[in-house]
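Chain lettering (A, B, C and D) follows the sequence in which the chains are written, and residue indices restart at 1 in each chain.
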Amino acid sequence: MKSGNSRLRERLHEIIFEADTWEGKLFDLVIMALIVISTLVVIIESVDWIGVKFGRTLYLLEWGFTAIFTLEFLLRLYTVKRPMRYVFSFFGFIDLLSVIPAYVGLIIPGAQSLIAIRALRLIRIFRVFKLGYFLKEGFVIVGALRASRAKITVFLTFILLSIIVIGAIMYLVEGGMNDDFSSIPKSMYWAIVTLTTVGYGDITPITGFGQFLSALVMIMGYAVIAVPTGIVSSELIQATKKVSTNTQACPACSNQGHDDDANFCKYCGSKLHEVTP
Amino acid sequence: MKSGNSRLRERLHEIIFEADTWEGKLFDLVIMALIVISTLVVIIESVDWIGVKFGRTLYLLEWGFTAIFTLEFLLRLYTVKRPMRYVFSFFGFIDLLSVIPAYVGLIIPGAQSLIAIRALRLIRIFRVFKLGYFLKEGFVIVGALRASRAKITVFLTFILLSIIVIGAIMYLVEGGMNDDFSSIPKSMYWAIVTLTTVGYGDITPITGFGQFLSALVMIMGYAVIAVPTGIVSSELIQATKKVSTNTQACPACSNQGHDDDANFCKYCGSKLHEVTP
Amino acid sequence: MKSGNSRLRERLHEIIFEADTWEGKLFDLVIMALIVISTLVVIIESVDWIGVKFGRTLYLLEWGFTAIFTLEFLLRLYTVKRPMRYVFSFFGFIDLLSVIPAYVGLIIPGAQSLIAIRALRLIRIFRVFKLGYFLKEGFVIVGALRASRAKITVFLTFILLSIIVIGAIMYLVEGGMNDDFSSIPKSMYWAIVTLTTVGYGDITPITGFGQFLSALVMIMGYAVIAVPTGIVSSELIQATKKVSTNTQACPACSNQGHDDDANFCKYCGSKLHEVTP
Amino acid sequence: MKSGNSRLRERLHEIIFEADTWEGKLFDLVIMALIVISTLVVIIESVDWIGVKFGRTLYLLEWGFTAIFTLEFLLRLYTVKRPMRYVFSFFGFIDLLSVIPAYVGLIIPGAQSLIAIRALRLIRIFRVFKLGYFLKEGFVIVGALRASRAKITVFLTFILLSIIVIGAIMYLVEGGMNDDFSSIPKSMYWAIVTLTTVGYGDITPITGFGQFLSALVMIMGYAVIAVPTGIVSSELIQATKKVSTNTQACPACSNQGHDDDANFCKYCGSKLHEVTP
C-alpha cells in the first residue's frame, strides 16, 4: 500500500511532467505563458528608457517569476525518482539554467539578463501541444544533422585550420599598414567574418595585395559554403526517402517497392494485402 | 428568364474576372498597364528632386489611378456573387489593399506610399497571359514550400529561441563597453543580422571575448544556413519527381501515375501497354 | 572550279574559325594571348599611378591591340558566308563588342574601359584547347539552368514584387527619421542588399520598428535564398542522372538499367553485349 | 643481415611515421600537443599588450619549438627511404613549410608569423587517433569536390570573366563621382565582395545608376550562388549513394557493388544469394 506522501508525489509528477490530464495540460500552459511573459520582461527591461521608467516594477515582476520557477524546479526535483538524472538531462539542465542567473545577478550585476535562457524551455511547446507531425519533422532534421556529424566535423576542422593560416598571412600582409589587422586573433576574426560571407566591414584590407588575397579567400568561401549545404541536403534527401519507403512485398511474386496507394502488384498484377495505415 | 440587370452583371463578370473573350483580355491588359504605371509613379514621386519638380502632376495622376482602381474594385464587388468571399480571398484582399492607402494618406500623411502594394496585383500576369507552364512551375515551388512547412516551422522556432539566448549573452558581454549592444532587443537584431549572414556592420562587437563569441555564432550560422536550403532542395527534388512521372494510363481503369518499371496497373491489376522507350 | 578568291576565303575561314590545323591552332593561341594581355593592359591602365607613369605607352599599346582585333573582325566578316548571322550570333556579338568601345572612347571619354568586355572572348578557351569534358560539364550546368528557367522566372517575379512592397513600407517607416531611406528607389536598393544577404551597411534602419521589420525581411530572405539553391540543385541532380544512364537492354529478358561496368544481366544472368565506349 | 644503422632507421621510421606501436603513438601525441601549443604561442604573441609583456619569453619558447620541429624534420628526412619524394608529398611539404618561416623571420622581420602554417599538420589528427569513420567521410567530401572539379572550373572561369566585365562597367559608371571605384582592379574587388554576398560595405556605389547596376549584380549573384551549391550537393548525393550500396558479394567471383534489385552477378552472371530484407 502506498503512503499518502508517495501518492502525492505521483500525482504531482503526473501534473508537472505529463500533459495528458487536464491539470497537467493546464500546468504546462500556465508555465509556458509565464516563460513567454518573463522572457519578454527581461528583454524589455534592458531597453534604456523602459528600464528607467518601469525598472522597479519589472524588477519585482522578474523576482516573482523567478520565485515561481524556483518553486517549480524544486517540485520537479521532489517528484522525480532520480533527481540527479533529471538535472543532467537536456530539459532538466535548461530548467536549472533558467533560474540560476537571477541569483547570480545578486552577486555579479548584469548576470540576470541570462534569465532569457529560459526561452529555451519553450522547445517543449511541440510536445505539450501534441504537435506530433512537427516533432517528427524536427527529428528528421536532427537525424540528418546527426548523420552528417562526421562530415561536418571534418569540414569544420579544415575550416578552422584554414582560418589560422589565412589569419597569419593577412596579419603579415596588412598588419603593418592597417590597424584593423593588428594581431593574428583579429585577423582570424576577419577570416571568419569573410569566409562565412557575413562581411561586417568593421575590419577590411586596404593594401592592394591584401585585397587581392581577400578576393581569393572570398572565392574559396564561395566554393566552401557549398559543402555544408551539400552535406545537409544529401542527408535530408536520404532521410526523407527512408521515411517514405513502403515495405510491402507482393504475396505472389514477392517483389517490393510498391507505392503507398497501390492495390495491385505492378510487376505481376496480383492483389496486394490491404494496408491499415 | 434573366433580367437585364442580371445579364449585365454576368457580362461584366466575364470581362472583369475572366480573360477568355477579347474584351476580357483587353480589360486585363489595360489594368495591368495601369498598375505598372501607377506603381512607377509612386516610386518616382518619392525621389526628392522629382517630387519637388513634378509633384503636383504626379499627385493628380496618382489620384486618377486611384479613382480608376476604386471604380474597378466597386465593379468587382457588384458583379461577383458573394462579395465578402471575394474581399477575403487572396486576390480580393490585395485589390482592396491597393486602393485603401490613397484614402488613408488623406488622414495620415505618407501612408499613400503604400499604394506600391498594388504591384502585388501583377502576380496575375501568369494567368492573364496563359503562361500555364510558368504557373505549374510556380505551383511546384509553392508545393515544395508547403510540404516543408512543418520542418521550417520547427527550424524557425529553434532559430528564434537561439536569437533570444545569443542576444542576452552578447548584451551581457558587450553591453557595458559598447553602445551598439545597449539593450537585448538591439543585441537580438545583431544576432539576426549575423546568423542570416547579412552582416551590415552597423552593430559589431569590440571586446575580444565578444568577437570570439561572434565567431562562434557565425560558424553556427554557417552550419545552420545549410538546413533550410537542404529542406527546400529535398522537397523540390521530391516534387520534381512526382511531376515528371510516366504519362501511361491504364487501358482498363484509365488511372495514371504508374512507375516506369510497372507492367500491371497498381489500381486494378490489368496489364499495361508495353512501352517502347 | 573554285576561284582563287573563294579558295583564299575558305583557307582563311579554316585558320580563323577552326582549330583543327596547326595554323588554326596557332591563330587561336595568338588571339587568346592578345586578349589576355590587352585585358590586363586596360585593367592596369586604370590604376592612378600607373596611368600617370606609363599612360602613353599603354595607350599606344591598346590602340595596337584594337587595330589587330578590328582587322581580325573584318577578316571574320569576309570569310564567313553569312556575315549578319555571324554578327548576331553569341560569339560574333562579343567579338564586335570588344572593338567598338575603343572607337566610342574617342567621342565619349572613358568608354574605352569597356574594352575589358573582350575578356568574354576567352570563353572559347575550352573549345580551342579541346577540353571536351569541361565543355560537356559546362553544358550540364547551362542545361540545368535552362530547365529551371520557368521556376526561376516565377521566383524572381515574386522577389521583385516583394522588393517594391518592402521598399515602400520601409520608406514609410524610416523615411522621416533616416536620410538613408529618403526615397522608395533607395529603400528598394536596401531591400535587395538585405534579401540577397550582401548587407553593405551603407543603408541601415535606425528606428526600433524599422529594425524589427528588417529582421523579418532577413529571416524571410533566409528561407527565400533556399529556393533558387533548391531549384538548381534538383535540376543538376536530374541532369547528372540523365547523363549517367546506361541504355543497354538485356538480349535475353530485355530488362534495362544496367550499370556501365556490367557484363551480365542482373535480372536473368545472360551475357550483355560488349560495349565499345 | 641488416646493419645496426639500418635497423635504427627502420625503428625510428616506425616511431616517427607510424602510430601502431605505443612509442609511435606517444611520439605523435607529443608532436600534436607541441603543434597546438606552438600555434597558440604564435597567435598570442601577435597581440600587442601580450607581445610587450611576455614577448621575450614567448620568443624563446617559439625558438624552442622551432628547434624541436627542425630536429623532427631532419629525422624524418633521415629515416625515410626517398627523402625528396617525402619533401614533395602533401604532408612533407607542410612539415617543411612549418619550420622555414622561423628562419626566414631572421632576415625578413614579421615572416615568423607564418609559423602558424604548422597548424595544418594537425590534419593528421584523424589518422593518428584512428578515426577511420571520419577519414572515410572526409574522403567522401574530397571525392565529391574532385568529381565536380570540371563543373567548378567552368563555373569559376565564367565568374572570373563576369567580374572583369562588371568591374569595367562599374568603373565607367561610378569612377568619376566615387573615389571607391577609382580603378578597375578596385571595382573588380568590389564585384567579388558583392557577388559572393560578403558585402563589407567598404566600397559602395553612390550614383543612382550605379546602385541600379549593383542591384542587378546582386540578383545575378543570388542565382549564381545556387550553382556551386547545386553542383556539390548533386555530387555528394551521388557519392553517398555509391558508398551506401549493398554489401553482397558474388559467391562465384566475389565481386561486390551489386544493385539492391540484382538477382545475378553483373560481372560473371552467377546467381546471387537471395536477400531477406
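The definition used in the following text is that a contact is a pair of C-beta atoms (placed from the backbone, for glycine too) under 8 Å apart; a residue touches a chain by one contact, two chains touch by 3 or more.
What you see is a predicted model, and the numbers here were worked out from it, not measured in a lab.
Considering every other chain in turn, the ones in contact with both chain A and chain D prove to be B, C. Among the remaining chains, the Cα-based centre furthest from that of chain D is the centre of B. Residues touching across the chain B and chain C pair largely diverge in numbering: under half of the numbers involved belong to both copies.
For the pair chain C and chain D, the distance between C-alpha centroids works out to 28 Å. Mean C-alpha position of chain A lies 40 Å from that of chain C.
Multi-chain contact residues of chain B (touching two or more other chains): 185, 188, 197-201, 225, 229, 231, 233, 235, 237. Against chain B, the residues of chain A that register as touching in their complex are 39, 42-44, 46-48, 110-111, 113-117, 119-120, 122-123, 125-126, 133-134, 136-138, 140-141, 144-145, 152, 156, 159, 185-186, 188-189, 192-193, 196-202, 225, 228-229, 231-233, 235-237, 239-240, 257-259, 261-271.
The touching residues of chain D, when paired with chain B in their complex, are 197-201, 229, 233. Every residue of chain C that touches chain B in the complex is listed here, in rising order: 150-151, 153-155, 157-158, 161, 164-165, 167-169, 171-172, 175-176, 182-185, 188, 194, 197-201, 204, 208, 211-212, 214-215, 218-219, 221-223, 225-227, 229-231, 233-235, 237-238, 256.
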